[in-house]
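Below you'll find the structure, written out as structure tokens, and then a few comments.
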Amino acid sequence: MTTQDWLHSSADSLAALIPDGAMIAVPADYSGIAMELTRAMIRRGVRDLHVVGVPITGLQGEMLIGAGCVKTVETSGVTLGEYGSAGRFLDALRNGRIRIKDATCPAIHAALQAGQKDIPFIPLRGIIGSDLLANRPDWKVVDNPFAPSGTEDRIVLLPAIRPDVAVFHAPYADLDGNVFIGRRRELVTIAQAAKTTVVTVEEVREDLDLMASEETAAGALPALYVGGVAVAPRGAWPLNLWDEYKVDEAHLKYYSELARSAEGFQRYLGEFVHARKAAE
Amino acid sequence: MTTQDWLHSSADSLAALIPDGAMIAVPADYSGIAMELTRAMIRRGVRDLHVVGVPITGLQGEMLIGAGCVKTVETSGVTLGEYGSAGRFLDALRNGRIRIKDATCPAIHAALQAGQKDIPFIPLRGIIGSDLLANRPDWKVVDNPFAPSGTEDRIVLLPAIRPDVAVFHAPYADLDGNVFIGRRRELVTIAQAAKTTVVTVEEVREDLDLMASEETAAGALPALYVGGVAVAPRGAWPLNLWDEYKVDEAHLKYYSELARSAEGFQRYLGEFVHARKAAE
Amino acid sequence: MSSEFSRQELLIFTISKLLAGVRHVAVGASSPIPGAGALLARAQSPKRMFVTVLGSTRQNFMTNGGVELFDMAAQGRVDAFFLGGGQLDGQANINLIGAGGEYPQTAVRWPGAFGSAYLYYLVPRVILFREEHTRRVMVPKVDFVAAPGPRDDGVYRPGGPIGLLTNLCWFSFDKTARRFRLESVHPGRTVEEVRDNTGFDFECPDGVPETASPDPATLALVRSRIAREIGETYPRFVKQVFPEAA
Amino acid sequence: MSSEFSRQELLIFTISKLLAGVRHVAVGASSPIPGAGALLARAQSPKRMFVTVLGSTRQNFMTNGGVELFDMAAQGRVDAFFLGGGQLDGQANINLIGAGGEYPQTAVRWPGAFGSAYLYYLVPRVILFREEHTRRVMVPKVDFVAAPGPRDDGVYRPGGPIGLLTNLCWFSFDKTARRFRLESVHPGRTVEEVRDNTGFDFECPDGVPETASPDPATLALVRSRIAREIGETYPRFVKQVFPEAA
């Protein structure tokens, strides 16, 4: 066995792998969010991030925006779901402190798949006629060169997205640093499209080799793609991790209450981020 | 539970779902080949198939060609590996009885991924300068519209492949018709790109719901994509099924011996296909 | 409205009927009523029917990541889907982005376009669903077209809206005339009420019927099995609407 | 050739040295010697090294299907790969399709181009490997270019061949001059033998050294652990070449 040079001692150590100005790709809130790592990024004071929500972002993007870590957000939605408005996102947008690249979910997915293949662009149906297109000068409309001659078939080309870092939280890694991602295959796409990937996990299973059987390998992200792993127990808190543990509803309501104002949000940071208050 | 209307009584019943002239997508020999179903297709006398090897084909394509079932083969290779030449393929090609669309592996994969997304085309690096391109008038070379202005960047566009039927063999299906495909995700791609999918399995596990856990769902092809399943014990014979059982080496050597001549191949068909001789 | 069933139960029942004959219906985020309607349609379908409830683990058979729903839609494997919006107009344009002011600094901002600017073109039976039926929502012209209604622009568009379901009524949508038509008004509601609360013009035939009410057997099914199934994803909804099932 | 090691062992050892510093090497189908060379390089690497042996279950960490190798190559995550061919020429063009006659009805037909027409452009350290070193294989000009050698054609090409290893020798390849250079001749072989059996022109410096021989510790490693590891995928090869390990 090789040494576990991929294993970091804490989320704060992992956060150092995300430089200022980085483009980071993060999954939607239901797919495993590295919230402890997000708090570590805020503690470290990362700046000028380009956050790609895959295909949307929630509490994570909202908190990074509120803490002044974000320059650009590229997403098909920013939402806290049933827990209220994303107050800091709305405030930053209204006051022009962030740039937004509004997208539609399949465009985010397809552009990341283009990044995964390192092809410069990928075509996608739909979109033409939406005002999204008018606000996305990086999206081009061309005539489909494969349309039967004499027919016109306009189609959108999306440039590939190749993030600097993919960031998520997962239930476990195995002894070699392979990460269990189950059926959340958008995590494979962002890990491959990105230059590197940092992952927090509930635990490292020293007794497990995910590659040992067809059954377990099916849900594994190979270690090759992973630049760093840290153990962060309940690392998605206050969000859920898949079906492993539930959303902390009371906490999310408390957050959305505080996040209505800049002062409230600062208080929240003081209580739950800078204080390094443990989950629960 | 709904009725198992997807479950057919035999490979011969499944073979009726593959019409003459169909474009079928089949995996490479190592990924699970529906050989009993292939024999059933030959027994039923299917004609004018367009066989897409994903990304190559072996004994299956070779036998279908030898039996006169194939009009076009689109593949990055036809090979029996260490067991000798694909005699019937070589003979049919030399005598102009089949049309070949020579490809390169990633082009087959990418074109099927385009089929999976139902986008009309997908760009791919490489290929330019290869004589493959000169023989594939369906592949177009364009200027990358996203290249920095003043720079030239030619790139190949491949038209999507949308097969009529995806065909493979897998270890098991569950009670709902979800099929275990493990990490062989090209099977997901061909199943989605194709209009329908027919699968033979070693067994249907009446006690298993692959969707019941994140671990088992990760390796499952959802039943939605599957038009028909039949149980065919040792249905990949004489090929291996992943690590489940090994190649029948003696049989493959015997095959490649007989397949050197049209007469030998006819004798082989009489012994192992039309006679419905059981596997082993 | 009859006291025998709730507003939500009527909507769930109406949706289930709009899904008759569908093989696969998908339901997006934050959509408990469409989700329950889809599950009801499945429970009553004579043939095998597939339901995808986004956000659910059990009512979701997808295994290829977040892109699968969109790929399936392109493949022609999603027969029905639901879309809403902060604003909808008479040409069935929908706005999920924001209203007032200048984009992106709109006076009101909603979460975002999600999959609308794609699924609206590709899914053959898109049901527009928005409970609030007011002139604030049903506007003459949306401020931002997140996803356009059917147009004669040559764009590939095998899909589109079949109609709009609200707390007051069900409109069908004519893709050629590009116009809504009032098909039925919910029990206890009136055509005048619809007209007063709709900011766009629509076809209004004489004698608009009342929206059909759910029968007792269906109501029983909704309150037991369907409430249980949708409760996995929307426990708070079930607690509110089906307190006995929760 | 020394009797202390076999021809295959020398090739395995030479390949392992050509892979020094590589993070990830992938090995295609029907390639037991490159596979063993890659596994040897990994066994001796001071840093973590990844090896993909196509066709193997254990020496293959890919979980995203057949496309993953190609996607990885595009992402810059495959540092080295091996290609061969029925014909190779002095501009490093390779032919895996067929020779003689008119395509597609060539007099000789090989299995097909596999991934060559893509990986050859993208993998920075492609090692051309062909045991048979004859004028039948090493031709002035290939009959069919399955994958072209480096050219000044503006095509995106971060990868390409670093050289050609055969039963007789190791040539490096100069991508700018587009020419092979004889770097070493295997023990027991001569420059004349190389010249006689090569149909293309190549740079031949004075005093070509002998290819380095494996040390005893390396040989012991190859015959034990490496033979065991490659034996999973190529049992017949191991039976032939390492009868004691098999």
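Here the chain labels run A, B, C and D in written order, and each chain numbers its own residues starting at 1.
Basically, a residue touches a chain if its C-beta (ideal position, glycine included) is under 8 Å from a C-beta of that chain, and two chains touch if they have at least 3 such contacts.
All values reported here derive from a predicted model rather than from experimental measurement.
Considering the contact criterion stated above, the chains in touch with chain B and with chain C alike are A.
The interface with the greater count of contacting C-beta pairs, when A-C is set against A-D, is A-C. Comparing the CA-atom centres of all chains against that of chain C, the greatest distance is found for D.
In this assembly, the C-alpha centroid of chain B lies 29 Å from the C-alpha centroid of chain D.
Centroids built from CA atoms put chain D at 40 Å from chain A.
Averaged C-alpha coordinates put the centre of chain C at 59 Å from the centre of chain D. In chain D, the residues that touch at least two other chains are 57, 62-64, 70, 74.
For chain A, the set of residues touching two or more other chains reads 110, 113, 117-119, 124-125, 153, 155, 183, 188, 214, 217-218, 220, 242-243.
If each chain is drawn as a node and touching chains are joined, the picture fits none of the line, ring, star or complete shapes. Working note: touching chain pairs come out as A-B, A-C, A-D, B-C, B-D. Residue ranges on chain A touching chain C, taken from their complex, read 27-28, 30-31, 54-56, 75-79, 81-82, 86, 90, 93-94, 96, 100, 102-107, 109-110, 113, 124-132, 135, 152-155, 183-189, 242-243.
Residues of chain C that touch chain B in their complex: 24, 48, 50, 57-58, 61-64, 70-72, 74-77. Of all residues in chain C, those touching chain A in their complex are 29-30, 55, 57, 62-68, 70, 74, 97, 103-105, 109, 111-122, 144-148, 151, 153-156, 236. On the chain A side of its complex with chain B, the touching residues are 110, 113, 117-125, 140, 142, 144-147, 153, 155, 157, 159, 180-183, 214-220, 242-243. Residues 2-3, 5, 116-119, 178, 188, 192-193, 211, 214, 217-218, 220-225 of chain A are the ones that touch chain D when the two sit in their complex.
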